[in-house]
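So, here come the structures, one by one.
The following pair of complexes shares a single chain, chain A, combined with chain B in the former and chain C in the latter.
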Partner chain A sequence: MSTILIDGRTIAFKPGDNILRAALEADVEIPHFCYHAALDSLGACRLCAVEIKPKNSNEAPRLTMACLEPAKEGLEVSVSAAAAQQVRRHVIELLMINHPHDCPICDEGGECHLQEMTVTCGPPYRRYRGRKRTFTNQDLGPLIHHEMNRCITCYRCTRFYQDYALGNDLGAMRLRNEVYFGRFQDGPLESPFAGNLVEICPTGVFTDALFRQRFARAWDLNTAPSICPHCSVGCNTLPGARDGTLRRVRSRTHPELNRWFICDRGRYGHQYSEHCARLLSPRVSGENTSYHKALNAATTRIKATQNCIGGIGSAREDLEGNTMLQALLNEVGGVFTAFNDPALEAATIAAVSWLQNSAGAPSLIEMEQIDAALIIGDLTAHAPMIDLALRQAYRKGAELTLFHSSPTPLAQFTTSAITVPPREMYAKLSHLCTLINALLAGRDISDDPMAVIAKSLIKARQPLLIGTIETLTATDASVLAKLAITLGPNARLTYALSGPNAYGSALLAPEGNAMQILESVETGKIKTLIVAGNDPFSDPRFGLRWRAACRNLNTLIVLDCILTATAEAADILFPVAAWTERGGTFVNYEGRAQSFLPVFHRPEYLPSAADVIADLAKYLECSRQDVLSVLQDTFPDFQVPAPGTLGSPIPVSLPPISDSPSAGSPLLSSNNSTWQTALMSWYGDETLASFAPGLTSLAPATIAMIEQATATATGIVDGSKIRLRGSADSVVLPVQLNQNIAAGTVGIGRNVLVRLGLGHGDPIELEKVL
Partner chain B sequence: MNTFEVLQKNLAHLSRTHPRRRAAAVPAMQNLQAELGYLDDMAITKLAQITGLSTTELEELATFYSLIYRRPPGRHVVQICDSVCCNMRGADQLLESAEKYLHRPLGAITPNGALSVLPSICLGLCDKAPAALVDGEALGPLNNASLEALLQRLQKGD
Partner chain C sequence: METLLTRHLDATTPLNLAAYQAIGGYCSLSAAFDLKPEKIIETVEAADLRGRGGAGFSCGLKWRLRGADAPSPRYLICNLDESEPGTFKDRYLLYGGPHQIIEAVIVSAYALQAERAFIFVRGEYAKGGHSLNQAIQEAETAGLLGSSICGSGFNLQIEVHLSGGRYICGEETAQINAIEGKRPNPRPKIPRPSTHGLWGQPTTTNNVETLVNIPHILLNGADWFRSLGVNGGCGPKLFCVSGKVRHSGLFELPCGTPAGELIFEHAGGLDEGRTLLGFLPGGASTAFLLPEHLDLPMDFDPVAKAGSRLGTGSLIVLDNSTCPVEFTLNLMRFFARESCGFCTPCRDGLPYLAQILTAIASGEGHADDLALLDELCATVASQSFCAFAPGAVMPLISSIQCFHTHYEQHVTNGHCPFDTTTQGERQP
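Let's turn to the complex of A and B:
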C-alpha cells in the first residue's frame, strides 16, 4: 500500500484518497469543517490547510487544502507548519465574525465541532467590533430546531439533504455574506432522513427539537451501544438518558449498515418509552399490584390450565424473550408462534428460508453498489434506511424498478414505477419471471410492455430484488426468490421484514402455529394465552377474530412496554423495560445478530420480557430457567455477539420452502369489479413509533386514496366522501385522487384498516356518500 | 390573460430551446418578472408546478441572482455594483450617498414608487468602474455628482 508522511508519521492510503481522508482513516486529526466521509470534499471552509514539502529544495513549500489534494506516494505533509496554522487561525476568526457566541444556551454546546475547532485552531480573542449579520429563523416542524445565526456556511446540510438523501425542500438561499439554509416557507422538513441534519451540522444551526424540550448536556447523558427497534434493518444507535428518562437517540457508526445515519423513525420514535400512558406497574384484573403478586397470579393460572396454553412472541421482541417464551411453553405443554397474523408468519418464514438458501441478504453498503433493482412495495415505510441505501445506488446510476400498490417516496427515483393491485402482485411477478426466462432462452419479447424491465434486470452486473414482507404473501415472496434464481448467481435477494427481530423469531416455530393457536383459542382448547410484545387485537386482518376468540380465554397474560389494545384487555399485565432500558439481541433482515446494552434504568422495577418469563419459569419450577442456557440450547452453535461490535450471523437454517404453498396463503386475483384495500404507510408508521407524539404529529391525514381513472369511471370526485365497509365496521372518509395508486384499489392507513378489520389486499365495499 | 396563462404561454415558447423543463427555470423567472415586475410567493409556487422544480430549488435560484426580484422594485431600478473593481473605485461611497440622497435604505422604494437603488454583485463592467445598471442599461464610471443627477432625473422622470 502507498504511504504519505504527515508530520513525520507514515500514513497508508487507498488509491483515490485525498490527504484528509487518508489522515482521518488513520486517526490522524487534521482540522476540518465541510469535509464529511459521506459527502466527500467541497473545499468550502478552507480549514484543512496543510503545507506540502516541495520535491526540490530550491522550491518554496506550498499551502493547500488537505481535502482537495490527492494523496501521492511519498508526499510530505505538515499540519503543524506555521503557515498552515496561520491560515486556520484566520479562517476561524472569519467564521466566528458573525457567530452569536451563544454557547452557554446552545444545544450543541459540548459536542460542537465549531467549538472544538475554535479552541484547537482559533485566536483566543475577538478583534471584530462591528455589527453582526443576523437572520430570521424558520419553523422547521416539531422535530428540528433552526438557529441560522450560528451557521458557518459549510454546506454540509444541503449536501446531505439534497445530494445524499435526495430531498428537495431544504436549500441554500441568497449569496455572499447572507447565505441562508432553509426552506421556501416555514414548515416541517419532508425528508424521512431530515433528523440527520442535527448530527451533520458542525454547529448548532439544526438541533433536535424533542431533545430541546427535555435537554441535558452531552457530558451528563448516560449512553450505551443500542440497536434501533423500529424496523428490521438493525441500525446502530447511541441513545442518551439522564435522571431515569430517555432524552434522545443518535446514530452510532456501523460500517456495513447505517454508517453515519439513521432515519427519523429511529431518531424520534424513542418517545414511546416516555409516553404518558406508559405501563410502569404490573396489573392483575385491572388493579395495580406488586411484581411478585402478579407472578404468583400468573403461576396459579398457568398451573390450572396445564397443556391448554398458547404463547405469542413478537417480531419486535428480542431473541432472548422469544426463546424463553418458547422454552417455557415447551415445558408446560403449550404452542408458540412469534406472529399473530398467519399470513405474515408464512411470508416471514418463507422469506427467511429463501434468504438462507440463497447467497444471503446484502448489507446496506452492498446495496449501495448494485446497478439495478426490482423493488416490491413501500420500502420507505417498512425499512427507511434501505430506501436511503438505494438512493445512493440511484445516484451512481442504478436503474430502479418499482411495483407498488400505494404511493411511495421512492417512486420518484425509479426508471419505471408500476402500480399493481395487491391481488395481482403474484401474477405480475410470475409474468416477469416468464419474460426473463424467455429472454434468456433467446426469444423475442419486445412487444411486451414489461420487456424493458426484464432486459434491465438481465443486463445488470448485480441486480437486487427486494420485497416488503408485510404487504406480500408467502407465494409473492417465493416468486421473487425464484426471479433471483432465474437471474443467476450475481442477483441479490432481500426482504424488508416486519420487525427488528422478525428474522430471529421466524427461526423458532414452524409455519401454521399462528393459525393453530388462533383456532385453539376460538374452540376453547387454549385457556391461557401469553403474549410477549405483540398486539394481536390490533392486527388489521385478524384483530377482530383475536378479540372475539380471547373472550373464551380464562387468562390473557401480556408483557409489553406500550399500552396496546391487547395490553389494555389483559387479565395479568407485566410492564417490561423499553429497548433502551434492557440488554438483548436482535437478528436483522440479513440474519445478523446484534446485541445491545441497557442505557439506563428507571426508578420503577422494569425487567425485560426474558427476565419476566425466567421468573415465571422459576415460580412454575420448570427445569430451564436461565436465559443464557436456554439460548444456548436453542441455538447450539451461536455465541451472542458483544454489544458494540459488528454482530455475527445466526447459524441456524430453516428447511427450503416447498414449491406447493400451504393453503390460505396466496392472495390471488379477484373479480375486477370489486375494490381491494392497499395499506398506505409512511415512515413513522410502526407500532412503537405510533406512541411517539412528536413523530406522529407529522402523520398524513386520514383519507381514502383512489386512482384517477377508476374514480372517473365510477363517478367519484376528489374531495367527495365515500363509505368503506369492512368485516368489523364502516367508516366515511374524504377521497383523494392520486396517480400513484393501483387501479381498483383503495389506499387507507393502518388505523383505518384495523377499524375495518381488513388486511392489505382484502376485498372492500365502497359506496358514495351524498 | 392572467399571469399563470402568460407563464404557460412563455414556457410553451421556451420548450423548443430548453428541452429539459428544469433548464427553463431561470428564463421562465425572467419572463414572468417581465410581466409582473417581481416574483411573489404565488409566482414561485406556480413556476414550481410548471418547471417540475421544488419551490425551495426555485427560491435558491431566485435569491441567488441579483436581477431577479422577490420584492416589488420601483419603476426605475438602479443597481450599483459593489464587487472588487467597483469597490476599489468608490462604489461603497456611491451606495452611501444614494441612501443619503433618497433618505432611505438600499432596496426601499421612494414614496412615489419611482425609484429603488440596490447593490449588485459584479456586473462585468469593470472597465467602467464604479458602474451601475440603470433599468438594464450599463452606466459608468459614476461619481457622487453624476449619481445624484441620475437619481434626480429618474425621480422626476414620471
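Let's turn to the complex of A and C:
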C-alpha cells in the first residue's frame, strides 16, 4: 500500500484519497470543517491547511488544503508547520467575527466541532471591533431547532440534505457573509432524514428540538451502544439518558449499515419510552401489584391450563424474549408464533427462507453500489435507511424501477414507476418473470410495455430485487425470489421485514402456527395466551377476530413496555423495559444479529421480556430457565455478538421453500367488490414510534386517496367525502385524488385500516356521501 | 489608427443583418469553413491574441490545450458578464452591434468544434441581451446558425443566458454553475473546465472582446494582427478610461499604447490645476500605478512587471483631490458585497477588511490597524478558493504601499486629511 508522511508519521492511503481522508481514516487529526466523509471535499472552510515539503530543497514549501490535495506516494505533509497554523488561526478568527460566542447557553456546547477547533487552533483573543451580523431564525417544525447566528457556512447541511439525501426544501440562500441555510419559508422540514442535520452541522445551528425540551449536557449523558428498535434495518444508535429518563438518540457508526446517519423515525421514535402510556407497574385483573405477586398469579393460571396454552412473540421483541417464550411453551405444552397475522407470518417465513437459502441480503453499503433495482412497495415507510441507500445508488446512476400501490417518496427517483393494485402484484411480478425468461431465451418482447424494465434488470451488472414484506403475500415474496434466481448469480435479493427482530423471530416456529393459535383460541382449545411485545387486537385484518376470540380465554398474559389495546385487556400485565433500558439481541433484515446494552435504568424494576419469562420458568420449575443456555439450545452454532461490534450472522436454520408455497393467502380470496384497500404509510408509521408525539405530529392527514381516472369514472371529486365500509366499522373520509395510487384502490392509513378491520389489499365497500 | 472592432458600432441603431452583411459582415464564415479547425487555432495562437477578460491567457493556446479529440458535446461560452468596476467595453460591443458578436461566436465555435454556445450577458444588460436574441433569430432565419451552416455540415446553436446579476458570475466556473442553474459558486479548478465544464463536458470560455478579434485574424492573418499593436503589444485593445479625467470613455487603440497617452491625449487629461495621484490600470481588482508609470505600455506583460495587471484594460484615474483611503474603502465595500460566500477568507475576511478601513477612513483607526490589514490581506489573498479574493485585496495592498502617508495621517490625525469640514481646504 502507498504511504504519505504526516509530521513524521507514516500513513497508508487508498488510490483516490486526498490527504485529509487518508489522515482521518488513520485517526490522525487534521483540523477541518467542511469536509465530511459522506459528503467529500468542498474546499470552502480553508481550515485544513497543511504544508507540503518541496521535492527539491531549493524550492519553498507549499501551503495547500489537505482535503483537495491528492495523496501521492512519499508526500511529506506538515500539519504543525507555522504557516499552516497561521492560516488556521486566521480562519477561526474570521469565523468567529460574527459568531455569538454563546457556548454556555448553546445546546451544542461540549460536543461542538467549532468550539473544539477554536480552542485547538484559534487565536485566544478577538480583534474585530465591528458589529456582528445577525439573522432571523426559522420555525423548522417540532423536531429541529434553528439558530442561524451560529453558522460558519460550511455547506455541510445543504450538501447532506440536497445532494446526499435528495431533499429539496432546505438550501443555501443569499451570498457574501449573509449566506442563509434554511427553507424558502417557515415550516417543518420534509425529509425523513432531516434529523441528521443535528449531527452533520458542526455548530449549534440545527439542534434536536426534543432534546432541547429536556436538555442535558453531552458530558452528563449516560450512553451505551444500542440498536434502533423501529424497523428491520438495525441501525446502530447511541441513546443518551440522564436522571432516569431518556433524552435523545444519535447515530452510531456501523461501517456496513447506517454509517453516519439514521432516519427520523429512529432518532425521534424514542419518545415512546417517556410516554404517559408507558407501563411501570405489574397488574393483575386491573390492579397494580408487585412483580412477585404477578408472577405467582401467572404461574397458577399456567399450571391450571397446562397443554392449553398459546404464545405470541413479536417481530419487535428481541431474540432472547422470543426464544425464551418458545422454550417455555415447549415445556408447558403450548404453541408459539411470533406473528398475530397469519399472512404476515407466511410472508416473513417465506422471505427469510429465501434469504437463508440464497446469497443473502446485501448490506446497506452494498445496496449503494447496485446499478439497477426493482422495488416493491413503500421502502421509505418500512425501512427508511434502505431508501437512503438506494438514493445513493440513484446518485451514482442506478436505474430504479418501482411497483407500488400507494404513493412513496422513492417514486421521484425511479426510471419507471408502475402503480399496481395489491391483488395484482403477484400477476405483475409473474409476468415480469416470464418476460425475463423470454428475453434470456432470445425472444423478442419489445411490444410489451414492461420490456424496458426486463431489459434494464437483465443488462444490470448487479440488479437488486427488494420488497416490503408487510404489503406482500408469501407468494409475492416467492416470485420476487424466483425473479432473482432467473436473473442469475449477480442479482441480489432482499426484503424490508416487519420489525427489528422479524428475521430472528421467523426462525422459531413454522408457518401456520399463527392461524392454529387464533383458531384454538376461538374454539376454546387454548385457555391461556401469553403475548410478548405484540398487539394482536390492533392488527388491521385480524384484530377483530383476536378481540372476539380472546373473550374465550381464561387468562390473557401480556408483556409489553407500552399500553397497547391488547395490554389494556390483559388479565396479567408485566411491564417490561424499553429498548434503551435493557440488553438484548435483534436479528436484522440481513440475518445479522446485533446485541445492545442498557443505556440506563429507571427507578422502577423493569425487567426485559426474557427476564420475566425466565422468572416464570423458575416459578413453574421448568428445566431450562437461563436465557443464554436456551439460546444455545435453539441456535447451537450461534455466538451472541458483543454489543458495539459489527454483529454476527445468525445460522441458517430454515429449509428451502417448496416450489409452490401454500396458497392460503387471504389476498387471493375475493368478492364482488371492485375496490380494494392499500396501506398508505409514512416514515413515522410504526408501533413504538406511534407513541412518540413529536414525530406523530408530522403524520399526514387522515384521508382516502383514490386514483384520478377511477375517481372520474365513478364521479368522485377531489375534496368530496366518501364512506368506507369494512368488516368492523365504517368511516367517512375526505377524498384526495392522486396519480400515484393504483387504479381501483383506496389508499388509507394504518389507523383507518384498523378501525375498518381490513388489511392491505382487502376488498372494501365505498359510497359517495352527499 | 483606423478602428477595427468599434468602427461599425452604433448604440442607437445597431446594424441589422442585411446592413452588417453589406459592410462585409459574416465574411469570415466561408473563410473559416474552408479551413480545418486546427489550422484556425494555429493562426490564433500565432496572432498572440491574449484573453481580454482579465487574465490575459493566450487564446490560441487555451483552444489548443482543450484538444481536438475532446469528447462531444463541446461547449463555448462567450463571457459578456462584465461586472468589473470601471469596465464598460463589452457593453459597447453588445449594444453597438450584436451581429459582430454572433459572427465571432460562430467562427470560434467552428474552430473548437462546439455544437452549442452560450453568451452569458450581465443581468443589467437585459436590453442588449434582448437585441442579441433578435439578431440570433435573424441569423438563424438566414441559415447562418442552426444545422449545417451555409452547407458546411457544421451545426451550432447559440443561447443567451441573462445573468442573475452578481460579479462572481463572470468567473469561468461560477458561470458554468449559473448556466447549469446552480448557485454560482466557483468550482475547483481540477478537473479543469476545458475537459469537465458545463454538464461535465469540454467547455471553453472566452471574453467577448477576445472573440470579436477572431474573424479579423481569420481574414487577415496572424502577422497582420500582431502588427496592429505597438510597443510589443498585439492587435487592437478596447480601453475604458474613467475617474478624474476630462473625457472619460471607450478608446480602441493599439495594444501597448502608453498609459500617459491614454490619459492625457485620448481622455483629455485632468482638470485645471490638478495633479495625477495614481491610477488603476485594469479595473477595480488591479494594483495602483503611479505617475512614474505613465510611459508604461498598456499591455499584459509590462503592466504585470510593474506589479499590477492589465486586467480588462480599464483605467480608473485619481487626481490629488481624491482621498485614496476613501476610494479604496469604496472598492472594498464593493468586493465584500460581491463575495459569493463560499470560502471563509473571502466571505468573512473582506467585510473585516472593509470594517477596519471604515474605521481608518473615519479617523477611528488604531495604530496597529495598518499592520493588521497587511496581515489579513496576506491570508485572504493566498488562501481563498478562487481568483476573486486575490483580485479584491490587490488594490488595498497596493493602496497601503502607494499612499502610506495618507493612511498614517488618517490614523494619527484622527480624521481624513481631505475632509473640508475639519480642514477647510480639500487639500492633502
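Basically, the second predicted complex is superposed on the first by the 762 of 770 C-alpha atoms of A that agree within 3 Å, B and C clash if a C-alpha of one lies under 4 Å from a C-alpha of the other, contacts with A are read in each partner's own complex, and residues count from 1 in each chain.
Definition applied: a residue touches a chain if its C-beta (ideal position, glycine included) is under 8 Å from a C-beta of that chain, and two chains touch if they have at least 3 such contacts.
Predicted model only: the values in this text are computed from it and were never measured.
Asker: For the three-chain model obtained by superposing on chain A, do chain B and chain C clash or fit?
Answerer: clash
Asker: Scan A:605 for contacts with chain B and chain C and give back first, second, both or neither.
Answerer: neither
Asker: After the superposition on A, what does A:172 contact: first (chain B), second (chain C), both or neither?
Answerer: both
Asker: In the overlay, work out which of chain B or chain C sits against more residues of chain A.
Answerer: C
Asker: One more residue to check, A:63. First (chain B), second (chain C), both or neither?
Answerer: second
Asker: With both complexes superposed on chain A, which partner does A:183 reach: first (chain B), second (chain C), both or neither?
Answerer: The first partner, chain B, only.
Asker: In the overlay, answer first, second, both or neither for which of chain B and chain C A:128 touches.
Answerer: In the superposed model, A:128 contacts chain C only, not chain B.
Asker: Among the options 327-335, 363-371, 381-389 or 417-425, identify the stretch of chain C whose C-alpha atoms clash with chain B after superposing on A.
Answerer: So the stretch of chain C colliding with chain B after superposition is 327-335.
Asker: Under the contact rule defined above, give the chain A residues that sit at the interface with chain B and also at the interface with chain C.
Answerer: Overlap of chain B and chain C footprints on chain A: residues 172, 174-176.
Asker: If we count contacts the way the header does, which residues on chain A are in touch with chain C in the complex?
Answerer: 43-47, 49, 63, 68, 86-87, 90-91, 94-95, 97-98, 127-130, 152-153, 155, 172, 174-179
Asker: Taking the complex as given, what residues does chain C use to touch chain A?
Answerer: Answer in residue numbers: 166, 168, 183, 188, 190, 336-345, 347-352, 355, 358-359, 372, 376, 379, 382-385.
Asker: Touching chain B in the complex: which residues of chain A?
Answerer: 168-176, 180, 183-185
Asker: Which bits of chain B are touching chain A when the two form their complex?
Answerer: The contact residues of chain B facing chain A are 41, 44, 53-60, 63-64, 121.
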